[in-house]
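Have a look at these structures, which come just after this line.
Common to both upcoming complexes is subunit A, partnered first by subunit B, then by subunit C.
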Partner chain A sequence: MLTTQPNNPALHIDAEGNYDLDSHFKQLRSQKRLYTFIGLAVLGAALFFSLWFANETNSGKFLDRLPHLFDFVGDMVPRDGWEVWRALFDLPSPYFDGSLQYNYPEGRVYITQNIYVPEYIYKMVETLNIAILSTLIGFIFGFLLCFLAASNLTTKRWLRFTVRRILEVLRAFPEIVIAGFFLAIFSLGPIPAIIAVSIHTIGALGKMFFEVVENADMKPDEGLRAAGGNWIERVWFGIVPQILPNFLSYALLRLEINVRASTILGAVGAGGIGEVLRLSISRGHEAKTLAIILILFSTIVCVDQLSAYLRKRIVGNQAFEFGA
Partner chain B sequence: MNASAMNLSAKMLSPADVLAIKERHPAAFERSLVKRFSVVLCVAVVALYAVYVSWFFAIGKVVSEGNWDIAGTYLADWVSYEVRPDIDFRTGEIVVEFPKFSPLGSNPDPEWITTKSGTVTVKEKSNDDMTQSKPVSSGSFMAPDASSGGAELSFMAPSSTATNMGSNEASSKARDSNLVSTQKEGINQAEIVFSKTAQIIVTPSVVTLVNGAESVVLDVDPLDETVEARGALPEWALQKREGEKIFVNYGFAGRAEVRAKEVKIMRRFFGWENFFFDTNSHYWGKPFSEVASLAISGERIFEGRSNVSLMLDNFLNNAEWQHGDVYIKLLQTIVMAFVGTLFAVVIAFPLSFVAARNITPNRFLNQIFKRFFDFLRSVDMLIWALFFTRAFGPGPLAGISAIFFTDTGTFGKLYSEALENIDDKQREGVRSVGASPAAVQRFGVVPQVLPVFASQALYFWESNTRSATIIGAVGAGGIGLKLWEAMRTNQDWENVFYMVILILIVIFVFDSASNALRSRLIGKQQS
Partner chain C sequence: MLELKNVTRRFGPNIAVDNVDFVIPEGQMVGVIGASGAGKSTLLRMINRLIDTSEGEINFSGVKTSELKGQKLRDWQRDCAMIFQQFNLVPRIDVLTNVMLGRLNHRSTVASLLNIFSDEERAMAIAALERLGIEKVALQRAGTLSGGQQQRVAIARALMQQPKVILADEPIASLDPRNAQIVMQSLKDINQTDGITVITNLHTLDTARTFCERIIGMQAGRVVFDGGPDDLTEEAARKIYGAEGLEDAFSEAVTSTSLSGPREKSPIGQMPPVIRPAAEQNPAYA
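Take a look at the complex of A and B:
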């Protein structure tokens, strides 16, 4: 409410007691401009400092290294176009000189005497299995935990609080440390990656799941409660049918993320396609690198497309709204 | 109450009613086979897949072969440290030696090691007998360093040297004759206290292990190189082969290895050792009050340099914890996520207007940009990181570029999808008053999408801080590599834990900041 006290500049009331819209608008606009300017200035200063810091602490300076930006393209030119396919399917190369660089058949994984799986396809399957298995584990445990973290289903505050904090820690704990710890126990192999990605997935899916559960329609739950259903029956018949599509959608989204995560963990020693990619790039095996990038790229595109298609079928366009 | 229950039962359906309903709506009662068994089917598929992957990864074998004993030690290392003195008695006199970089400093005298002095008999081999005594000791059955080749030589070729044929008794006589014994003053007993009930008492010939009510006496012979227990060993002591070293396990309090010539002590203490100042610092080992008074009012330790600056320098350059380096690396990780995300937003923002088909009515351009975004996104962050590490050398520039490239794709996709879902009325309104195309975008589109865009950027800023930790390990700068190196040595788990705590703090702070800003931008319901 505006008081009609005359000559109050703070309320933009002039000497005659009229509200002066124009001056108020101008003042608000200049205030907003000032805030925008301050915000941008802070952002700019932070950016400037960050860039300077990154350049200072980098092993090569940005401008010195810029001409080398596309060095890797030169490293990746194969000797002929067929080399990539030979590397991908482990066929013998005409350039074979005894070195590892052109020794494609060496990596073959034989199933029977004559039938083999090409190395990189096998490794890709390994990475995919890491991702699928850890998504599955994350889904199962996230599913079990999320109802305990939802405020509409769990009335005990301490239980909800504990479960939420556990999920948060599982989500935020750096995957690389879990992987490194289990690498020390199991030595090299994919199991540490499975454990690391699973633990992160439990936390991430658990958080998304309980938010879905909290938004669920409670009418079926009330009905079951009135009919004398116990807690598990209420959850299973009242809540689960309405939230399952969203759960599946989130799990598929997680699968996309987990394929990438298990590739990266592979590069630090946890097996799969990431490891061979890192080795191949550092050794400068151009055809092998190209073959791996080809298979990795196409797998990621396929997984993304498949997941997008399935999500669209499960929950419709809602799957692509922000927050997913 | 009774009446209402009666009423309810009266309203209940009779079997005939149920049949009638079934007849009217058969579909509601007979669900398809797939639907009825969907739960069983899902469980079966998951179980089958579990069997397949456990075969594929040989999970059972790997888990059973895992080095589980060491896992406990590594976990204990996160929050505790070991001090490892050697109690050496090979000459007959006890010498307590600490490794060069012991956490107790250069001249340690901990109270959990007590020594007693007395007369000791020091046996030394006379120089001219060295050559003769050597084959004798290798002829001994229990010598741990006697290889099978050596044993074969001495038994299969008895004619080589006469002394090699000697029995243990004969050789020990021969050995005694080669030794020069001298009596002198020295330490003849050392007691190492692990806890109130667990001790190890070392004398040059006998080591006594005490653990609660149990105790065991071990005879050690530095010259014969044998360790033998009088009586059966308890559960907490382990001898893998007869006559060789005995492993003693006192749980969290520590471990020990009783060898023929020395006892290796690994005594564990809770906490992070020398967290603030390392043993070379002037502030090392001083209580907090003294450090504080030195900092505020004390005499200058070095001429021309304030105590506070020395303290800061000592702290940041702590040799064990490397605080300075850790903070720089952590800042690199934060910077990588910040700059990478910011650049990605700045580039993706205009490009998404071209990719959105309701804003740029050119299908060809839309498709080109959308596929370009897909490409950037699908070439994994790892691949970008590896390439930019090659281009820029290891460091944050590679990390920034990797995050920038991947996220330009992600933001481009998300932003163009958001633009395609905007409300057209505002654009029409702005256009209808004769605004230029640029003004239409500025006042008809941007106000609608800006909060969503900013919110997405903040969300990814937080999640990129996490990703930046991981890609650092492949050389793209930041704390990832430092973490990875600390883990690879298997020695510095306490440093790993320290860095993990720092990362967790950063992530929690960013998470809360990003959530708070986002809920201000687009309302509370988004989390």
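Take a look at the complex of A and C:
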């Protein structure tokens, strides 16, 4: 019965009636080691068999196809290094042969007679706009809904329950699923992408927001309640000033995510940089593809850095000013 | 006239306030004393309606405030300002706006949300801050102020409500003796100059004796003493704090919020020596 009651010190009383701590400790330790060993063995076996199963059911065997890993990369090498920059800024190519592959100036977007925006920069801005607009819409609706979902502000159970379920449904579906649905209704273009990303953002931000609200200090709210303020006034003056930095921080984080999401949505027909990327990969336009990847990469790095900087400032300030 | 009739409050099986019954005439300065957990805070919160009564009723000038709802309730809360131990200001908003938030109930919600305050309201707020001697910090964020300053901002906010009653829930419990003195003096001044009824919870005997014309002692939810400061004999204090608690009540006075004022000598005999920060100012103790 020793193994079933390892924590019972009564089982480690020696003949003289003293509690033998050392033997108790050793027993617990050896039992813990046994459990760790069994756990690792089970994990290893599960991993091995699942990988084996995946390899067996795959159409191409993993190890057989592994040497082809770099074929795609080989196809992506441009004719010369400047081709990438020509493609990026829509400059004429010396290799132009009438085909679309080297016809970079074709995509120029003219603002005036002579000044143009290069196609990919224009498309990148379009994608960024989708992300910014959807984050803004998500922020506004998430902001309005979160107070109704927070248990410290909404005492009506049914209301809180309803709002929380709505937020759950909104964030339950990935953007790409919602976009597919709205693409069928609104046809190709950025509108379905905006709707899809916004819906998901409302749900995702709304949840984070109400968790922030539930952690808010209720003392200012109590003070305003005792002064006869109504619910809206209490929320606006008692809660919002303390949670706003966190809200902004979460919204910026969401903006980073939404830039990637709207890029992906572009690839399924919602316009922007994702769409041209998919087209150029499938057509095998190596310089264009590299140009798009370059601008995409640098944009995402810039957005992430900017948002990290802003969040640090916003939340850092808060930590600084709360100390009262 | 504030009238409590058989007021009881239960939290689950616990009775926090047990059948409390008293009348406070207009303009009185009342101190409620008792050990922690005696039900002082619950009593004040029931008067302001931050919590509801379980039984009994509270009337103010013929209005049954314990049963008000909606806008009527908020109007009563405006008339019955409350001051808290932790000040309960909005730390990230400037002092002036914090004070003007006392006007919330006098104004339209839309105007409040848009931060539109009239010139008169601003003048009123500045006057309130000047009265409490903190107009210099009016544009600082409330969270950057010291405890004593924050409590005075809270009093200024209460004044903005133009209340008929001010309730103060342990207003000096987290302040140093000097600030405690200033805050209690301000409350006393408001009571005497404006004729506003002040009901304040205090955990120290001598503060209550110094500043209040009437003292209500509570023990385990019941009122066990109700009378003037001179009636508060050692025996009465023993009843409020219990035989062992009495010692604590005095030692607490030494460590945190011991106050002195115009009173010449203590009606309670063997008081341990206390630190009296106001001694220099008050010739009676010099």
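Rule of thumb we're sticking to: the second predicted complex is superposed on the first by the 288 of 324 C-alpha atoms of A that agree within 3 Å, B and C clash if a C-alpha of one lies under 4 Å from a C-alpha of the other, contacts with A are read in each partner's own complex, and residues count from 1 in each chain.
Methods note: a contact is a pair of C-beta atoms (placed from the backbone, for glycine too) under 8 Å apart; a residue touches a chain by one contact, two chains touch by 3 or more.
Quick caveat, the model's predicted, so the values are computed rather than measured.
Q: Clash or fit: what happens to subunit B and subunit C when subunit A is overlaid?
A: Aligned on subunit A, subunit C clashes with subunit B.
Q: Looking at the overlay, what does A:Ile293 touch: subunit B (first), subunit C (second), both, or neither?
A: A:Ile293 contacts subunit B only, not subunit C.
Q: Touch test for A:Asp80: subunit B only (first), subunit C only (second), both, or neither?
A: After superposition on chain A, A:Asp80 lies in contact with neither partner.
Q: Who contacts more of subunit A, subunit B or subunit C?
A: Per-residue touch count on subunit A favours B.
Q: If you stack the two complexes on chain A, which partner ends up touching A:Asp14: first (subunit B), second (subunit C), both, or neither?
A: neither
Q: Which partner does A:Glu106 contact after superposing on A: first (subunit B), second (subunit C), both, neither?
A: After superposition on chain A, A:Glu106 lies in contact with neither partner.
Q: Between subunit B (first) and subunit C (second), which does A:Gln242 come into contact with in this model arrangement: first, second, both, or neither?
A: second
Q: Considering only the listed stretches 43-51, 97-105 or 133-141 of subunit C, which one runs into subunit B in the superposition?
A: The answer is stretch 133-141.
Q: Just which bits of subunit A does subunit B share with subunit C as contact spots?
A: In the superposed arrangement, which is not itself an observed complex, subunit A uses residues 322-323 for both subunit B and subunit C.
Q: Note which residues of subunit B are touching subunit A in the complex, please.
A: Residues 46, 49, 53, 56-57, 59, 62-63, 65-68, 70-71, 74, 328, 331-332, 335-336, 338-339, 342, 374, 377-383, 386-387, 390-398, 400, 414, 417-418, 452, 455-456, 466, 469-471, 473-474, 477, 480, 483-484, 487-488, 490, 496, 500, 503-504, 507-508, 511, 526-527 of subunit B touch subunit A in their complex.
Q: Show me the residue ranges of subunit A that touch subunit C in the complex, using the header's touch definition.
A: 219-220, 222-230, 232-233, 236-238, 241-242, 321-324
Q: Of all residues in subunit C, which touch subunit A in the complex?
A: By the definition above, subunit C touches subunit A via 48, 50, 74-78, 81-82, 84, 86-93, 101-102, 104-105, 109, 112-113, 141-145, 150, 154, 157-158, 161.
Q: Which residues, counting only subunit A, touch subunit B once they are in their complex?
A: That would be residues 43, 46-47, 50-51, 53-55, 57-60, 62, 65, 68-72, 75, 126, 129, 132-133, 136, 168-169, 172-177, 180-181, 183-187, 189-191, 194, 211, 260-261, 263-265, 267-268, 274, 277-278, 281, 293, 296-297, 300-301, 304, 320, 322-323 of subunit A.
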